[in-house]
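Read from first to last, the chains carry the letters A, B, C, D and E; within each, the first residue is number 1.
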Amino acid sequence: MADTALYASADRVFRRKRIVAFGLPAVILLYLGYIFFAFDLPGLAGRARWDNARTLLADTWSYKTHVTRDNRGGDVAVAIEGERKGSYPQGTAPDWVLPQDDGAVRVALSGGQEVLLLPGNGFRWEVPGFGLIEARLEGRKIVSNLPEEGLPDWISASPSRLQVTADGARVALTRSKTELFRYFPGWELFFFTLDSPYHGHGFGEILLGAQIDPARGNIAGAWQDFWHNPMWRHADVAWALFETLLMAFLGTMGAALVALPLAFLSARNFAPLMALRFGVRRAFDFLRGVDGLIWTIVLSRAFGPGPLTGALAILLTDTGSFGKLFSEALENVDGKQIEGVASTGARPIQRYRFGVIPQVVPVLVSQVLYFLESNTRSATIIGAITGGGIGLLLTQAMITQKDWEEVTYYIILVILMVMAMDSASGWLRRKLIKGL
Amino acid sequence: MTQTPDAPHDPRGHYLALMAQRRLYGGITLALFVLLMVSGFMLADERNAGGFWNGLPQVFDFPADVLADTLPKLAALPGHFVTYFPALVETINIAAVSTLLGAVAAIALSLLSTRGLARWPRLIPVFRRFMDILRAVPEIVVALVLIFVLGGGPVPAMLAIALHTAGALGKLFSEVNENADLKPVEGLSSVGASWLQSMWLGVVPQVSPNYFSYALLRFEINIRASAILGFVGAGGIGYELRNAMAWGKGRFDEAAAIFLLLFLTIVVFDQLSSHVRNAMISSKKGGH
Amino acid sequence: MLTVEHLTKRFGANTAVDRASFTVDRPMMIGIIGRSGAGKSTFLRMMNRLTDATEGRLLFEGRDVLQLKGAEKRGWQSDCAMIFQQFNLVPRMDVVSNVLHGTLARRGTLATMFNLYPREDIHRAIDILERLGIAAHAAKRAEALSGGQQQRVAIARALMQDPKVILADEPIASLDPMNAQLVMDSLRRIHDEDGRTVIANLHTLDTARRYCDRVIGMRDGRIVFDGTPAQLTTGVARDIYGAGADFSENATSTEIRDPVATAIIRAAEVAV
Amino acid sequence: MLTVEHLTKRFGANTAVDRASFTVDRPMMIGIIGRSGAGKSTFLRMMNRLTDATEGRLLFEGRDVLQLKGAEKRGWQSDCAMIFQQFNLVPRMDVVSNVLHGTLARRGTLATMFNLYPREDIHRAIDILERLGIAAHAAKRAEALSGGQQQRVAIARALMQDPKVILADEPIASLDPMNAQLVMDSLRRIHDEDGRTVIANLHTLDTARRYCDRVIGMRDGRIVFDGTPAQLTTGVARDIYGAGADFSENATSTEIRDPVATAIIRAAEVAV
Amino acid sequence: QEITEFRLGILGGENAQDRMTSNQCFADKIAEALGVEVKVFTPADYNGVMQGLLGGTIDAAWMGASSYAGTYIADPEAVEPVLVKQNLDGSIGYYSIGFARADSGVTSLEDLKGKKFGFGDPNSTSGYLIPSIEIAAAGYDMTPGAYFGDVVFTGGHEQTIVAVNNGDVDGGVTWADGQGNWEDGYNSGALRKAVDAGLVDMNELVQIWQSNIIPEGPFVIRKALPQDVKDAVTELTANLWEEDPDCAYGVAAGDAKDFIPVTHAEYESIVAARQSVSN
């Protein structure tokens, strides 16, 4: 009876479904396979530098203090992160660096270990589980008690340089200097640098305790020293953040203002001339198709580096995006409202004002606010090129690869900024759309 | 149509007061906006190396230089197209793979963070925050970090864009999910289907057209993003463009060729995706 | 007062209104009936100048309104208010603003762009709303109102224009019977009290019979009936609608016969 | 066979089902009636384990199904099919796939995700559809079907589960009278022919009387009536619905008394 | 002709904040001398400074020799070189250094045949221009795929060092003063900075090539500026080492002897070199 026919047709349907169900993933897998080789993923494992990752990770939450002994003059300098701004004034040192009477310097490490920087241009370090390491500069050569062969990978030795890395510290001996890095957790000098009188004082002490700097009140003084901290430069970072937001805001809003009237010219139902509409549409495509970053380069000839150039680049790109979105919104307007207004004898501009604008405003506002949030992120990148904002600080700090804690600081700030913009624009969107 | 309890006794005064209040708020908002725009513009103008009004007449200097350098060497352009085509393919591949991987992750994340669908309802805020963070980190940051670890090339860019895509699409997808009809899911649960089954059979078929349309839009964005990441050393066409552009006079013809290649690609994919999306929308409207 | 002469509208090969002619010599309430596609809407839209006529003349107080251009045309539009089946209000704006749109043609462009209307206009708008029984909703957004209330806002906008003629294109087709009755009562009252001419396209015979002084029947763009409601017999109606012998008026009736419902409407009218 | 003991469900302060207890000793068709909010849906959802109970036990063949977890719970769900008021099908999928969803709990996750159903399952699905008179629509998408057809697809899915119990939550409330009758007839036939227990929440007294062997009345979460249809007098019904003396059953009736309509249904049954 | 502000562009191997800090004293001095506000800009790359000078949005900058040449080629009337840094030994030059990883077995350009070679920024003199010419002249074709397996731009000196150290490229070029010891990364230069930052261990790197001496980049001033402004800034800068060595140290990004006058003639060869590698 009809059953067999029905069975057959159902079987056919399911065979087709199975082909689709397997075919699509198969195509994707094939593509991924191609990518696997095109992107040389097998070689990637070999190229990946996990020690770099470790350095990076370690550096994000720790800092190092350099103890440097000049092998020519014998001077010992202590500086946080080896930076001038983090140097301990001559003759002072943290309590774990102990000059000895014989001219040696004893550096205490965590876990009771210690390294002796010897006056004869050498050092001595008793590494637990390995033994004593002693090295000295003799003439132009470095001699040590280490064997020639079979060194562990945390020791790197050559006649001109010896480096030992162990347990939160690293010692390097070259002809010119002996250098010891000791690692500590935290972001040192985040609040105050060494030269600030407030360094080493707790919050409670500053807020409630006795006046620390006789010239200034505690809170004002502490704020000043914190805000103008030469190491972390909070004031400049804050300005950079603000500059990034400024670029995003000016670019987005400017684009919206420029795009709105142009969108009327390119909406099918409002365009006065079809040729004009076509032209404006292609202009939108062009503005959008050329990325903001390229606009930045083009504009930087005329306007030079700075936030305005970034804002204008965002403005140009977004005029294209908004133009397209707005004209789509305009093409979807409900003609009844316009007709209703028109039937009262309203002028064309009044028709737009009352028949069209109230309809499209919610769409416009929500799009603009969406873009404002995503442009905050774009502004970070554009700033890296045009020379402004947090993006420049971030990329430069990353490229010079010096202070990953600084990089971490910037990344956290960028994320917080974007998330704040996200919630702010979301809040504003709800608020405005309800009230409009 | 019964008497509302808060109906005003004096509709005229009531309305005028309301109007005055609305006008005041509207006026304040408008004034605030204008003030922000004007002062923001002035500040940016002041902090910029070149002023807006001085720079305006020079806007076309750079394009003019490019043209002046390119026009005499037009014959070399096709050669440049061929030279840089592999880089373009790499850029498109980066965008495609990252969109694919990001979209898959986004589907999982969005299902896990939609009320009514989530496997572990308590963890919804966790997944949401996670997506927020993925979204907030600029691709360039992830790419630079990964370049440091993995070395240059397409993989860091691909991962960076994929992570961002997962966050961005995840949010859009979960909005789509929120509007999905829960009845089929309940129906499937009632037959004893597992979570995966009810999502795959009950939710995904409903939302896949929307997913697809958002993913296409994202693909378009990602082509641009991968070109941009080339600017910071992640390979592809952006890298070539930056080098040619930075050199300036003497290699502007290369820059122009790369630019044209990139621009045409973006326009082609843009048109293609809006075409597909339109087709999809109209087929959805036009019955089954 | 109003003379329509050979008014014709063609859409390509299709003639929507075909040499329609009639004369109105005093303000009255006119109903136009006819089945869907008969050309009723097109006729009203030509009259309000929302659509241009192909041929013919439409004289109002001696002037051919079809020839007007620019400001004069807008002046005519403001003299000739239109009420639509779907209300055609701006849903996101409040009721009073919608009513004030009736003054757009008279007020300066700039002031209206910023929603700045003279205080006396606002008062008059609220008076009109009060007269139509919806002043309590004055500050609400139009979209927050029920269909019947929205249609009354549309009528208020029309009245705000202080028009000589009110055109209504199936004003009650989207309304339930109760609201339909409220709206038709309002239109009738406006005619009775203000003496304005009201021309309404109607879907249903009984409404036309009950509210109009004169009924015009259209079929395929032509006027096939023009007379008093009393002349509108079932036989005539069959001709207008091109229906067979099984035509029954009740099928299209919207009148509320239930005494309870009528009582509810009364109560509601008092309450709003 | 089925024993419900002090089954309770609280939503915050609100008790949706309040210590419901009853016993069923042989397969029968049971109707649950009660006004909106009485707890009927909540009861069925607890039984199918879509909602967890707050207190109480529900023994089926000696096992407390409320204690089951993970795979065992899904196993029980596949033994206890549910039919919903809104059908709860996957609208974009074809009818056969929807029916095959009834086997999900038995088949591997991966296989079902790739549409790998065994051939005999597919054939059985067609058989079931044929039995319910909708095999002709097998390849269509569920959303393309009328409400009554969709509900029969839902019943087919339930049958596909080969369940011991079928729960139906107001299966005919979204259907017009003609389709309602088709669906109720199908349910009754399943009970009669397969001997499965059917528990249906019903909105209307006459349906319960006509199709059920036993009727349970709920009010405010408690079971206030449990008896045969014959015992369900108008007085009892008034108690269940908490209605006054003006209560008339006809207000909620869905029965088709019109002989013409019945004829149409017959014709439709033959046609589909 | 009056100016209302003076805009200084700075470039270098430090991050943007540090550049700002080390040049702040310089900016203050110019402000004092000219009586107008001085703004400091730190574009992300050489091209940013070039565009600024060409577009007239930056008035003065320390440039690399190649980027100066690029600016000159684009518009000979844009800027003029006025001063150059004189090293402690009296020279005004530095070197481009080719290097590789010690454990890769590469010790000379010979060994890099078929391998990946890394330049820095295309506008860098020592990171691209000079090595690309001199290495090619030595018989190693620099077209990608010709002699070397591939030739890439890493983006800058720091990136080159990291890339070589990571093995992303097999050999690369960067700059150094050529004085002092290899194991310290020489006395100054990009290698030294990387060592100081703890990025690389010089034991793991070997030098494979060294260029001829390269002239230091000039301090350039925009030609269109009023003559008195140009003179004032030039004089002030020329006297910086004498008057404020600390500040000069920051401006020169290290120790130097003096800033001495220079003219365009000094860079003719670089201009020619740059033109020769353009299309």
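As a working rule, contacts are C-beta pairs under 8 Å (C-beta built on N, C-alpha and C of every residue); 3 or more make two chains touch, one makes a residue touch a chain.
Since this is a predicted model, take the numbers as computed values, not measurements.
Engineer: Just to be sure I understand the contacts, which chains border both subunit C and subunit B?
Structural biologist: Common neighbours, subunit B/subunit C: A.
Engineer: What is the set of chains touching both subunit A and subunit E?
Structural biologist: Intersection of subunit A and subunit E contact lists gives B.
Engineer: Roughly how big is the turn, in degrees to the nearest 5, that lines up subunit C with subunit D by CA atoms?
Structural biologist: Superposing the C-alpha atoms of subunit C on subunit D needs a rotation of 175 degrees.
Engineer: By CA centroids, point me to the most central chain in this structure.
Structural biologist: Centre-most chain by C-alpha means: B.
Engineer: Which chain lies the greatest distance away from subunit A when centres are computed from Cα atoms alone?
Structural biologist: In terms of C-alpha centroids, the chain at the greatest distance from subunit A is C.
Engineer: How big is the gap, in whole Å, between where the Cα atoms of subunit A centre and where those of subunit D centre?
Structural biologist: So the centroids are 58 Å from each other.
Engineer: What is the distance, in whole Å, between the centres of subunit C and subunit E, each centre taken as the mean of its C-alpha atoms?
Structural biologist: 81
Engineer: How big is the gap, in whole Å, between where the Cα atoms of subunit A centre and where those of subunit C centre?
Structural biologist: Centre-to-centre distance between subunit A and subunit C: 64 Å.
Engineer: If you average the CA atoms of subunit B and of subunit D, how far apart do the two points sit, in angstrom?
Structural biologist: The computed centroid separation for subunit B versus subunit D comes out at 47 Å.
Engineer: Name the residues of subunit C that each touch 2 or more other chains.
Structural biologist: Nothing qualifies.
Engineer: Give me the residue numbers in subunit B that touch at least two other chains, ranges are fine.
Structural biologist: Answer for subunit B, listing residues that touch two or more other chains: 47-50, 55, 58, 61-62, 65, 148, 151, 153, 232, 245.
Engineer: Please set out, as single numbers or ranges, the residues of subunit E touching at least two other chains.
Structural biologist: 7, 9, 41, 47, 51-52, 54-55, 57-58, 155, 159, 162, 166-168
Engineer: Every pair of chains that touch: which are they?
Structural biologist: Touching chain pairs, listed by label, are A-B, A-C, A-D, A-E, B-C, B-D, B-E.
Engineer: Can you list the subunit A residues touching subunit C in their complex?
Structural biologist: For subunit A paired with subunit C, touching residues are 336-337, 339-347, 349-350, 353-355, 358-359, 361-362, 436.
Engineer: Would you mind writing out the residues of subunit E in touch with subunit B in their complex?
Structural biologist: Subunit E residues touching subunit B: 7, 9, 39, 41, 45-47, 50-52, 54-58, 70, 73-74, 121-123, 152-155, 159, 162-163, 166-168, 274-275, 277-279.
Engineer: Would you pull the subunit A residues touching subunit D in the complex into a rising list?
Structural biologist: Against subunit D, the touching part of subunit A is residues 2-3, 6-7, 9-11, 13-14, 17-18, 21-22.
Engineer: State the interface residues of subunit D toward subunit B in the complex, per the touch definition above.
Structural biologist: Where subunit D meets subunit B, its residues are 48, 50, 73-78, 81-82, 84, 86-93, 97, 101-102, 104-105, 109, 112-113, 141, 143-144, 154, 157, 161.
Engineer: Show me the residue ranges of subunit E that touch subunit A in the complex, using the header's touch definition.
Structural biologist: 7, 9, 13-17, 20-21, 41-44, 47-48, 51-52, 54-55, 57-58, 155-156, 158-159, 162, 166-168, 180-184, 193, 196-199, 201-204
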